[in-house]
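Working notes, structure below.
Labels A, B and C are assigned to the chains in the order they are written; within every chain, residues are numbered from 1.
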Amino acid sequence: MPVMTEKTNPNTKIANVSQKATENKKVVYNTKDLNLWYGEGHALKNINLAINENEVTAIIGPSGCGKSTYIKTLNRMVELVPSVRISGEILYRERNILDKSFKVEDLRTSVGMVFQKPNPFPKSIYENVAYGPKIHGIRDKKILDEIVEKSLRGAAIWDEVKDRLNQNAYGLSGGQQQRLCIARCLAIEPDVILMDEPTSALDPISTLKVEELVQELKEEFSIIIVTHNMQQAARISDKTAFFLNGEVIEFAETDKIFSTPSDKRTEDYITGRFG
Amino acid sequence: MKYIDSEQVHKKMGSRLLANSLAKTIFFLATLFGLVVLIVLIYRVLADGLSWINMDFLMNRLSTDPEKAGIWGAIVGTFWLMLVVAPVTMVLGVGTAIYLEEYAAKGRISSFIKTNISNLAGVPSVVFGILGLTVFARALDLGSVVLAGGLTMALLVLPVVVVASQEAIRAVPQFLREASYGMGATKWQTIKNVVLPAALPGILTGLILALSRAIGETAPLVVIGIPALLIPVPDGIFDKFTILPVQIYYWTIDSALVAEYANLAAATIVILLIVLFAMNSIAILIRNKFQKRY
Amino acid sequence: MARSAVQHDNKKLNVSEIIQQKKKSRSVNNYTEKLIPKILFGIAAISVFTTIGIVLTLITETIAFFKDVPFIDFFTGTELKPLGENAVFGVLPLLTGTIISTLIAMLVAIPVGLMTAIFLSEYASEKTRKVLKPLLEILAGIPTIVYGFFAFTFVTPLLSSFIPDLEPTNILSPGIVMGIMIIPMVASLSEDAMSSVPNAMREGALALGATKLEVTWKVVVPAAISGIIASFVLGISRAIGETMIVTIASGSSKNFTFDVTQSMQTMTAYIVEVTGGEAAAGTTLYYSLYAVAMTLFVFTLIMNLLAQYISRKFREEY
């Protein structure tokens, strides 16, 4: 039982603890030899990544490095771009989501997404959260009420909006709107939550709230977050992948990436020499 | 030696500036011309018609006697006509717009349909009348009833609704669609629950403008064969009917025979213009209320 | 079933499970998703069928007409007597009526419309424009029947005080009123074209000491010329197809003349007259309706295609 001994040994290195965790945790997303083109442009090149459940995985890199494209490939939102071409495999819970027989609607029901700009619907707060359950056939008002409350609580916004659930979501502040969008995403109880620079349009205080929320949500969900903010990645993530020009340069424990990166380019990026 | 004699330029500048201010005055007067005509037109109509408007005029049936004649039949006919035009043109117009904006691949078929619609918009209304006469009134043997007129009119104003709906749908921001797809919604669920509600104000504005166009159209219905003197009031869409502009037409051309018919025509115009003004105000209200919400 | 799941486990409401259950029972959804685009395509195709319907009706009946009346006679005949024993079908009286009324209308609409556009785009302040544009829109929204009434009961009597020979129905008065009706259209389309000329071009000329008039005439109008000409062509198409004003104010004399004080009939007015007279199906008179409508349709179609061609071909790249 080498694992047990390691755990009891107070001198064990952090990296070793993480490795142990890696061994126990299941892989939720396994990307194999993923390539993606927009027309002629080769946007993602031979991506290989295994992402664990119940962790926060951060994806960092300079603008145009393919990090947003990658996260949008994970729920196939990238297909909304007409000229896109994809090869390779992405196994979600061991099923290849790029297989045409895999229904995107099923995928997106299990994999929620939070976008760069808060994008609530021009409907009431209640209707925003109830939207997902409703389109998936839940009509019972009592269940919906319960889901709405639970999701808003889950997104730490319940106390702020409980008295005005019927008001238009556009009356909320930007930070509140983003947490509402997270609540909307929680309402269908996804397995994974994808976050595409969720705080880039928010002020520092709202950003902090969202970051705290991400830490809480980790208990229940697997979170993949794209961020242009390295401090954010360092603060909230367990693992970090560094993307550059459509390639994964380095993927490791966040602490390792930020303390002892193995690639020179990673070091250049996190020390602010480019990007 | 300078090429530009600044003294000469300075001398000429006065006349150049004079030409400019003269031109400005002429352009302004030209702009006013249209508005002066508008004022004269409205004044004439009011002067001729206003004193003829009373409850009897509104509630009476048609008659050859100008003192007894009323436009109740035409009002009810207009109402029935709109009851056909509104749903038909709404379904066809919005359906076409959704297809073009959300489903059609940006290829030959969609650009063909688009070109076709813009050409259809340029076809004279009287030609639509011939289509209505040949297809609806005669081939389908409906006769010159509300349904035949309504279908003709719906096709006539269809481009207005299509173009307005297309613009409204296009104005719905992509991030709302993404949000919905991200929840696992299908395309139709997204269109039905997100795109259409957000585009609704624009669509309604277009619909109202289309209806106000239909309310003022005369030629297609005259061609379909609306009788000059129709006394019964229509009870449904399978009845013969008349509408306000057609009534104005018959009274105007007969005013050479009976002078008072001109007053009846003017009075009917006043009513027609009030209806149009009300509809346009509603359209503007909707537009202003829902402008730029994102 | 779903309810019991909720009551069972108060702590965790198992939404994802409910969703999975619902999914299984809702294969209908799939069906809808495939059916909807087909339905919408069908709806979109109706506009195409409308065009086809128009063209087919016109062509079939026009062919029938040309079995009775030789093609050459129709297009070169200066006499039109559709009624009676010895009916003669020459379309030239209608063509001259249409062309003359259109010419008069454009003589009014082009200069006034263009000057209005220049004033609104180049001279008017934002405030003035905000007042004037909606007023012009009102002018554009007035039904043509009202213009017809106006031409017949006001403009004709007004004109006859200057021109004593003016007949009570004549082509001059509806021509002018048609022009007034088209002013807003020419003005707004031309203004759109001029407004899209970038300010940098104006500033370049102004900085050289040009007056506003010179900038307008030598820079803005040439730059926007394709849009402006397209607006004229669309105006012409509108005038050719206009029906009620000429029907009311120009009467039904089928004179082959160029005298604008006389009554003339346009193609559109002929259509209204013949259908209003309930021509019996199968007669030459009935078919003549379609031959005239076909001619009208072709004329306006050419104009519309020309306008589209001009604005596409000469679209300025700024």
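In the analysis below, a residue touches a chain if its C-beta (ideal position, glycine included) is under 8 Å from a C-beta of that chain, and two chains touch if they have at least 3 such contacts.
Owing to the predicted nature of the structure, the values given are computational and were not obtained by experimental measurement.
Enquirer: Testing understanding: with touching defined as stated, what is the shape of the graph linking the protein chains, line, ring, star, complete or other?
Expert: Drawn as a graph, the chains make a fully connected set, so complete.
Enquirer: Which chain's mean C-alpha position is nearest the mean C-alpha position of the whole protein set?
Expert: Given all protein C-alpha atoms shown, the central chain works out to be B.
Enquirer: Would you say B-C or A-C is joined by more C-beta pairs in contact?
Expert: Counting C-beta pairs in contact, B-C comes out ahead.
Enquirer: Relative to chain A, which chain has the most distant C-alpha mean position?
Expert: C
Enquirer: What is the distance, in whole Å, between the centres of chain A and chain C, each centre taken as the mean of its C-alpha atoms?
Expert: 54
Enquirer: Using the average of all C-alpha atoms in each chain as its centre, how far is it in Å between chain B and chain C?
Expert: 12
Enquirer: Residue numbers in chain B touching 2 or more other chains?
Expert: 186
Enquirer: Counting only residues that touch at least 2 other chains, which ones in chain A make the list?
Expert: Only 106, 109-110, 136, 188 qualify.
Enquirer: Write out the stretch or stretches of chain A touching chain B in their complex.
Expert: The touching residues are 75, 77, 80, 82, 104-110, 112-113, 115, 117, 119-123, 131-132, 134-136, 170, 181, 184-185, 188.
Enquirer: Can you list the chain B residues touching chain C in their complex?
Expert: 9, 16-17, 19-20, 23-24, 26-28, 30-31, 33-35, 37-38, 40-41, 44-45, 48, 91-92, 95-96, 98-100, 103-104, 112-113, 115-120, 122-131, 133-135, 138, 155, 158-159, 162, 186-188, 212, 215-219, 222-225, 245, 248-249, 252-253, 255-256, 262, 265-266, 269, 272-273, 276, 280
Enquirer: Can you list the residues on chain C that touch chain A in the complex?
Expert: 2-3, 6, 13-16, 18-19, 22-23, 25-26
Enquirer: Can you check the complex and tell me which residues of chain C touch chain B?
Expert: 29, 32-33, 36-37, 39-41, 43-48, 50-51, 53-54, 57-58, 61, 111-112, 115-116, 118-120, 123-124, 132, 135-136, 138-139, 141-150, 152-154, 168, 180, 183-184, 187, 209, 211-214, 234, 237, 240-244, 247-248, 268, 271-272, 275-276, 278, 281, 289-290, 293, 296-297, 300-301, 303-305, 308
Enquirer: Considering the complex alone, what residue numbers of chain B touch chain A?
Expert: It comes out as residues 106, 173, 175-186, 189, 193-194, 197-198, 293-294.
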